[in-house]
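The following blocks contain the structures, represented as structure tokens.
The following pair of complexes shares a single chain, subunit A, combined with subunit B in the former and subunit C in the latter.
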Partner chain A sequence: MPFWRRESAIPYLLLLPALAIMALVVAFPLIFSLYTSFTGYRLVRPDSLYDWVGLRNYSRILQDYDFWVAFGRTVLFLTVVLNVEFLLGLGIALLINRITWGQRTLRTIMMFPMMFSPILVGFQFKFMFNDNIGIVNNALQSLGLSDGAIAWLVDGKLAFFSIAFAEVWMSTSVFAILLLAGLFAMPRDPLEAAKVDGCNAWQTFRHITLPFLMPFAYIAMAIRSLDVARAYDIVTVMTDGGPAGRTELLWTLIARVGYDNSRMGLANAMAYVSTILSILFTWYFYRKLVAARRYMGGAQ
Partner chain B sequence: MAEITLDKVVKKYGGLDVVHGIDLQIAHEEFVVLVGPSGCGKSTTLRMIAGLEDISGGLVKIGDRVVNDLPPRKRNISMVFQNYALYPHMNVRENLGFGLKIAGEATASIVKRVDEAAEILGLTPLLDRTPAELSGGQRQRVAMGRAIVRRPDVFLFDEPLSNLDAKLRGQMRAEIKKLHQKVRTTVVYVTHDQVEAMTLADRIVVMRDGRIEQVGSPMDVFNHPRTTFVATFIGSPPMNLLPATISGGAVRLADGTAVPIPDRLSDRVHEGRRVTLGIRPDDISPVGHGLSQDGPGAEVEMEVELAEPLGMESLIYTRLAGQEVQAKLYGPRLVQPGERLSFRMALDRAHLFDAETGRSVRED
Partner chain C sequence: MRTITTLALGTALVAVAGLANADETWGDFGGYTLRVKLIGGAQYEKLYAEIPKWEAATGAKVDIVSRKNHFELDKEIKQDIAAGTIDYCVASNHTSFAPQYGDIYIDLNGVMKPEVLAEFDALSLKNATVNDALVQLPRHSDVSNLFYQKSLYEDQANKDAFKAKFGYDLAPPDTFDQFKDQAIFFAKAPDFFGTQFVGKDEAITGRFYEMLVANGGALFDENWNPTFNSPEGLKSLMWFKELYDSKAVPAGSLNYLWDDTGMGFASGTVALDLDWAGWAAFFNDPANSKVAGNVGLTRAPKGDGGKRSGWAGSHTFSITTTCDNQAAAVSFITFLTDHDNQMIEARQGLLPTRTKVWTDIKAEFEAAGNPFMVEVFDVYGQSMAEDAFTPPLIEPWIEVSNVIWPNLQKGILGEMEPQAALDDAAAKAKVIMEDAGYIQ
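So, the complex of A and B:
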């Protein structure tokens, strides 16, 4: 009897469609893109797909100043955005946790920014930070805080700040929601024990509440680090990586190399190096999460 | 010195009164147990002493200080919670030392005092474990260690044993008693378990519906309950209560059974008064199988409805004047349901309560 007619083959046969689809939509593109990163593939010359160049793309990246600047800027962007979102989200969660009336409504309102497309958020902030007609400059001038037009989206540092601001505005509620869930799950007894043990409000927060919330913060950070590391849409809309590459992040750079310059082989090599960054961040937060959960598990 | 004084202490939640003006004096080094059914206000009272609940009225004093408006950390108390309330992210050593660290103690002194407390409670081998790695009894010991390490003026215990299984509860009860003998501090202990109250307390405070029902030593409360509530709450199985009338110089039950009036109460009742006869199961036994064979008593014949053998004794459920009555049989003899036996009621420890107010006639 052939293998595929035996009873022991049934599980494999039943799994086959799923495996085939997985191969088609995940494995094949992955392997194909990995392969192209070893070729001089250009979108405008299809036959260059067979132009094997070994590690040349990777060695070129190692010496590419622009790439490493974008890499460093992305790490900085991640660090700034995640920390600001964490602090703001924590503050919002603590405030909402104290509300006794209208809490549900407020929780819903808090999530509004997450409901907009990042592209629209980008357009909105592009308008707000516009140096001529933007509402930010208008407000600053009306209040007498500034007399000239501040070039929010032109100056490299200010543009970086503006994009980070938009990103934080859009996604702080991810932290707020998860930390609020943590606060709801928090047992009241250790807080009371801490009060009796002599803690004032700040010490109680610092030594009891915060350690309890950290696993929730790490979950939010793991999710958001993947999100922010692939930031593309907001940046493209607000500055398109410019002016003169001053807000170029990894993915805007990769898209430019791949599509505008049509050097897909090099772009794929860059994408693989960037993925390592994402994996590192996620792995770091996941390890923190596991460590934090070890003592929380079943303690109460 | 840490006496605790409660002076007309009131707790209200919105319009709802939970504690109605409690007066209580607790002496230095005294072990006082607040006992009562759930919802009687005992935990709320304890939490007001701790400073975890606002006081709606009256005064709470610890020593000479009125502490009404002091936060818990300024009252020099420590508390053991029902759910242990350990800090889950700290190991046992850190849990024990946390209060001292917050108080700014020197590290060397913290180490010394934590080691001492761990020694007293047998926690030394567990110092590096986290609460998640401990059993219920061990967690309870850590919670107690955390309380003693700070050398407070007052220990507060909020149902500390109710999450433990019966055997462990017995062991921990003994440990708490020993601990108190060792560290001699004022203790206020809340429980709904009358056995804990009886065994631990210097003085028992029986509470009901936000009021103090009776205060006294365990034996005093057991032997001289002031109300039918205390009579049935303290002692297990609970005291039998039978409605009766004083008639013809005897206590006459609903079905006409006449029981002599106990001598010590005879001048407290008058003809025609409606009363409740209270008599503990230990004082009703089949003839020849009771604790006391002499002294004043009455014999009645009753039918056994159910018998629960407990080894040395059997608990017998029977019926008298339409009321379920529990009796005890001492000595080895199996009793079958349906058997009719002659029971002797020993009356030297019987009680009479006013039928209207439920108060002991001795209180008149």
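So, the complex of A and C:
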């Protein structure tokens, strides 16, 4: 009897459609893009797909100063926005958790920024931070806090701040929602026990609420560290990585190399190098998540 | 009732006569749907409102499958090439972008009537030719000249102060050095600026390139080695840097593109604006512009080489080699670029590519008592005839541009010494030219 007709084959046969779909939508694109990273593939020259160049793309990336600057800036961007989003999200979740009336409405309102397309968010903040006609400079001048036109999208630090601000505005609610879910799931007993033992509000938060929330925070951070590449649209619209590469992140650089310059082989090599970043962030947050859960389980 | 019937009958007869006439011109493609990808944006849309007339005349339908700004359209077409999904007949194109696309567009020389092509400006057709193939039909051209606020030059106090400071009379600038002096003189940041420039993407590369040529330099030598890091290149970059450092331009200029500069001049907060003619009617329209009635125009300034800047190109239409109805596609792009439709675009200030439209639009503006628009077509006509030149029509142009403009920004902002910024860009451009096979 052939294997596929045996009873023991049934689980494999049942899994087969799922595996086939996974192979088609995940494995094939991954293998294809990995292959192209070893070629001189140019979008406008389909026949260049077979132009094998070995490790030349990777060797160019290793020597490309601009790439590594963008790599470092992306690490900084991720670190800053994830931490700020966590702190603000935690604050919002704690505040909403205390509300007894209108909480559902507030939860819905809180999710509004997530509903905007990142391109629209980019245009919104590009206008707000415009040095000449932007509302931010206008407000600062009207309030007497500034007498000049602050070049928000030109100055290196301010431009970084501006794109980070837009990203934080759009995505803080992801943290807030996940942390709020954590607060809802939190058992009341430890809090009441702490009260009986004479803990003050800070001690209760620091030693009970926060450790309980940390697994949720790390899940949110792991998701957001992968999802934050959505900021590509925001950065493209606001500064397109400029001026002078001051806001260049890996995503804007890779898109320019792949689409504007048509060098998809090189762009895919850059993308594979940049996945190191995603793997490192995910690995780090996963370890912290496991540690936080072990702590909550009383192992430490 | 009889009157209504008569009217209806008369209208139907006129419509049928009109259609019969149009049929002879545009062909009969009843039941066919022509798929097209067109450039979008306020100044391009007026033409598309005429498409129903072609549909009525031919019986065909036009399906606009994509309508985006040219940079987005460029990315989309590149993806179509990669995916092998060029399932449309007509696409908007541009003389600067066309050399990238290989052989996806047909040579119009073989399919368009020679007498129709003869009505187009010969230089526009030459610039639309890639590897001896006319891969695109010019729709309208662009080249930049200098708009200025007239009142600033008529003010006696300005004249006296300028003469005292710079030692020569205040008049609309004829050289880039005078342009810089005057921009710095007029600027009172952050409320008023001497000028502004497009600060990123191919836009600033193009501005740098035309100034480089005006100063007597060149992007490449005869063997395609980059030469823009020459003294002429440095002088061109320093023009931008000095204006930026002296706050004669808005601090955000390095993020500006065409809309920002046009809207800036129309807002009345900028003295001089080197820009394309497409803004002319807008600038002089009181409903849109605070400088309406106060707009002067002079030809683009000269550089040290005695040549005026004249970076030019044309927006065009191309027909794909995969098109399943070339006759309909030819009819469609001929319709969009015919005399009447070019007149519609020319009324906005867009520069026609048919020679007769130049004469007719000027006559129309003269008859309408609009001397400003007559002057616009005089100045831009002269500029197209004497000053216009395209960037190198080579496949890697956009890629070369993408290594030049970030370094121009670094030079302007002081992140790199200007000469070092140009040297670095030239070294990167050389690698691109080597990869593309231009340098052996």
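Methods note: the second predicted complex is superposed on the first by the 262 of 300 C-alpha atoms of A that agree within 3 Å, B and C clash if a C-alpha of one lies under 4 Å from a C-alpha of the other, contacts with A are read in each partner's own complex, and residues count from 1 in each chain.
In the analysis below, a residue touches a chain if its C-beta (ideal position, glycine included) is under 8 Å from a C-beta of that chain, and two chains touch if they have at least 3 such contacts.
Everything quoted here is computed from the prediction, not taken from an experiment.
**Student:** Report for A:224: first if it touches subunit B alone, second if subunit C alone, otherwise both or neither.
**Tutor:** neither
**Student:** Can A:151 be said to touch subunit B (first), subunit C (second), both, or neither?
**Tutor:** A:151: touches subunit C, not subunit B.
**Student:** Name the contact category of A:73: first (subunit B only), second (subunit C only), both, or neither.
**Tutor:** neither
**Student:** After superposition on the shared chain, which partner residues are touched by A:208: those of subunit B (first), subunit C (second), both, or neither?
**Tutor:** It touches subunit B, and subunit C stays clear.
**Student:** Per the contact definition in the header, classify A:190: touching subunit B only (first), subunit C only (second), both, or neither.
**Tutor:** The first partner, subunit B, only.
**Student:** Please report the subunit A residues shared by its interface with subunit B and its interface with subunit C.
**Tutor:** Touching subunit B and subunit C on subunit A: no residues.
**Student:** Tell me, which parts of subunit A touch subunit C in their complex?
**Tutor:** Touching subunit C: residues 40, 43-46, 130-133, 148-154, 239-240, 242-246, 256, 259-264 of subunit A.
**Student:** In the complex formed with subunit A, which residues of subunit B make contact?
**Tutor:** Against subunit A, the touching part of subunit B is residues 50-52, 71-73, 77-79, 81, 83-89, 98-99, 102-103, 130-132, 146, 150, 156.
**Student:** Considering only the defined contacts, which subunit A positions touch subunit B in the complex?
**Tutor:** Touching subunit B: residues 187, 189-190, 192-200, 203, 207-208, 211-212, 292, 294-300 of subunit A.
**Student:** Please output the residues of subunit C touching subunit A within their complex, sorted ascending.
**Tutor:** Touch list, subunit C to subunit A: 71, 74-75, 78-79, 81-82, 84, 100-102, 189-190, 199-201, 250-252, 254-255, 264, 267, 269, 395, 398-399, 402, 406, 409-410, 412-413, 415, 435.
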